[in-house]
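Paired with chain B in one complex and with chain C in the other, chain A is shared by the two complexes that follow.
Here is the complex of A and B:
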């Protein structure tokens, strides 16, 4: 790994460790290898959002050309959000693409992701299905996102009704993830979900 | 005995020196050109220990003047009689200017002259103060020297903007880079007899390399004014280390990187073809912190890269210019000649380069009618001799390459540059023409592509 990149990450790592956000448990980073090229990040779901109470794991890969090119970041924790792929965890955030600048850091990236969770941009979607639901059925979107948060990120709000529907689908041979995805993307219409899975 | 011999030797040396006044034989003499306002140039060897008064004694007879009537000018300053040569920052083969004060000048301005001298003294003090701050802060000029072809320390020199003569005294010292780089900022007094503008002159600043022996007055170096000594101890934006010499970007915040990080950054953007062709400045990059209006406007700063990288920079800049002007680049491997084309005709011949004749639209061999898929062009090449097809197929390096290219790449819908997708999303940005396109649809990137198959 290039010297500039690892040196920068070393410093940024310390910056995050010492930051007040860490003190408030709102962000965290962890090294995965000795040469600072792979890290694991964690952000807390922002308050007053469907993600509140959840902890979201991130994969952070630092390219050789860092800090002149952005780190590659994706969600390891499944999340229901218009700008985050519900399948791959890929993120649509301008600063992780062409708006990246060498003066940004791991800390600013993590804080920007938290901000993105708090204010989605459905007109620039990563997940078209989620974005449509966000716009057309905002209430379903909120309860679905809460349900995902409690299922995958340890969030507190789980809808009994949704759990029962998932169990029903699992009873006819689906696995849990498959059932949750199908029901979520069909706005919790059981028949449509069955059709999507088996049709 | 040995002492006696030394004394005799010294006497002989001194006698010799007295005899050959004007051309003294000095061991560590400094060869200096003295340019007279009359136009002729004298080459003299000077002892660095001498003062200017002694220089005047040598020069005066050649100008046909009294030593008191001679003014010695160097780097925009009249040199006082008491100044010692070695303190003047004169290099080997430097040029001093000798001016004979005409009577008409001496008389009416005799009052002024003393003030000029007084001014010269105060200037001298100022220089001393400046020199001290320079020494303390380590502020120096960095230049690209075309003779050494490398980064060097430079020295600031001045000449008359009209007659280009160095026989000019400046009214004030330049205080900032804009004083030095922009014209008509600092006024002065041109002493050249035949200067078309007369005595009043605008000073024109330029730089010389401190490392090699001056090759005359036209031996200039380009100032790399974004390079500064880091006396403020500002850490590099990228690696966060505090280095001695830094690159200060021309943005409002004046972001700083070290030279290594500047090189890394520039080479990276160059290889990604992310330099921008600016109409006024040329092919350049902006501050890595993404600041607006921060283009590097002196392209010689890219001379900080290696020669190969700088050649690549020049090639890309030329290609970008050709494409910008609506031209095409010859698609023949190893050619790449830039051709300005007539947009009404699709047949393009690389007449100054390899001679290849191709279609302007699909960049394949020239054909009649509509452009077809990639294969047609190579198949249409006539095969004149019969070979064992199997053996020939194995031996065709080019064909294997072509197949590999065809299988692993897709052409940019606009410029047809074969593009490989090594990972990431389906949103492609052509590194050659900056076109945004979709890997799946092979058309311009759209919201629909983003919504339906951004990541496959």
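Here is the complex of A and C:
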């Protein structure tokens, strides 16, 4: 890895560890290799959002051309959000693409992702299904996102009704992830979900 | 009009860094056989990396113009009594007194090699995001 990239990540890593956000357990980074090219990040779901109480793991890959190009970041924890793919975890955020600036750091990236979780941009979606639900059925969106947070990120809120529907689908041979995706994308309409899976 | 950025001659970015331009590196380029000739690489957009001979004429003109503008950005010795920034935010290494730093019109300073690499990708200040073009042109107008 190019010298400037690893040198910077080394310094940034120390900066993140000393930051007040780490002290508040709001963000965290962990090194995955010795040459500072792969890291694991973690952000806490922001308060007063459906993600509150959840911990979200991120894959961070640092390109050799860092900091001239942004780090490649995606969610490892499944999340229901208009700007994050519910399938791959890919993120649609301008600063991770063309609005990147060399002065941005791992810390500012993680904080920007937290801000994105708190204020989705449904008009610039990564996941069109989620974005449509966010706009057309905001209440269903909130309870669905909460259900995902509790299922995958350790969040506290789960709808009993949703759990029962998932169990029903699992009873007829679906796995849990498949059932949750189908029901979530069909706005919790059981018949449509069954049609989507088996149709 | 030909390939105005082809080859490592006059338009090479290393010219911006003063006397480094006659480095051994260039010598290598001239001596290597034609099929292995190293063509300088430019960034017509931040994530678009292409050798000079694969740039459109329009992109070449834009990059040449940018290099021209970059030459107008002053390089001065770092002075810790004037500059508030203690480190270059690109490499995060502290400035040494007397070290050459490049000033952007917004008065942010960086190591010359750090900021030149950045400006070739994006013509904005990495700290305040101010477009360097616009700022340069305004500073010409007011002077």
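Simple rule for what comes next: the second predicted complex is superposed on the first by the 199 of 199 C-alpha atoms of A that agree within 3 Å, B and C clash if a C-alpha of one lies under 4 Å from a C-alpha of the other, contacts with A are read in each partner's own complex, and residues count from 1 in each chain.
As a working rule, a residue touches a chain if its C-beta (ideal position, glycine included) is under 8 Å from a C-beta of that chain, and two chains touch if they have at least 3 such contacts.
Small disclaimer: the values here were computed from a predicted structure and weren't measured.
When both complexes are superposed on chain A, chain B and chain C end up clashing with one another.
Once the two structures are superposed, chain B and chain C can be ranked by residues of chain A touched, with B on top. In the superposed model, A:85 makes contact with chain B only, not with chain C. By the touch criterion stated above, A:35 is placed in contact with neither chain B nor chain C. Once the two complexes are overlaid on the shared chain, A:125 sits against chain B while remaining clear of chain C.
4, 7-8, 11, 67-69, 100-103 are the residues of chain A that lie in the contact sets of both chain B and chain C, per the superposition on chain A. Interface residues of chain C facing chain A in the complex, by the touch rule stated above, are 45-47, 89-93, 114, 117-118, 121-122, 124, 126-127, 129.
Those residues of chain A lying in contact with chain B across their complex are 2-4, 7-8, 11, 65, 67-69, 85, 87-88, 90, 92, 99-103, 124-126, 128, 131.
Those residues of chain B whose C-beta lies close enough to touch chain A in the complex are 237-241, 255, 260-261, 264-265, 268-269, 288-290, 425, 450-452, 454-455.
Against chain C, the residues of chain A that register as touching in their complex are 4, 7-8, 11-12, 67-69, 97-98, 100-104.
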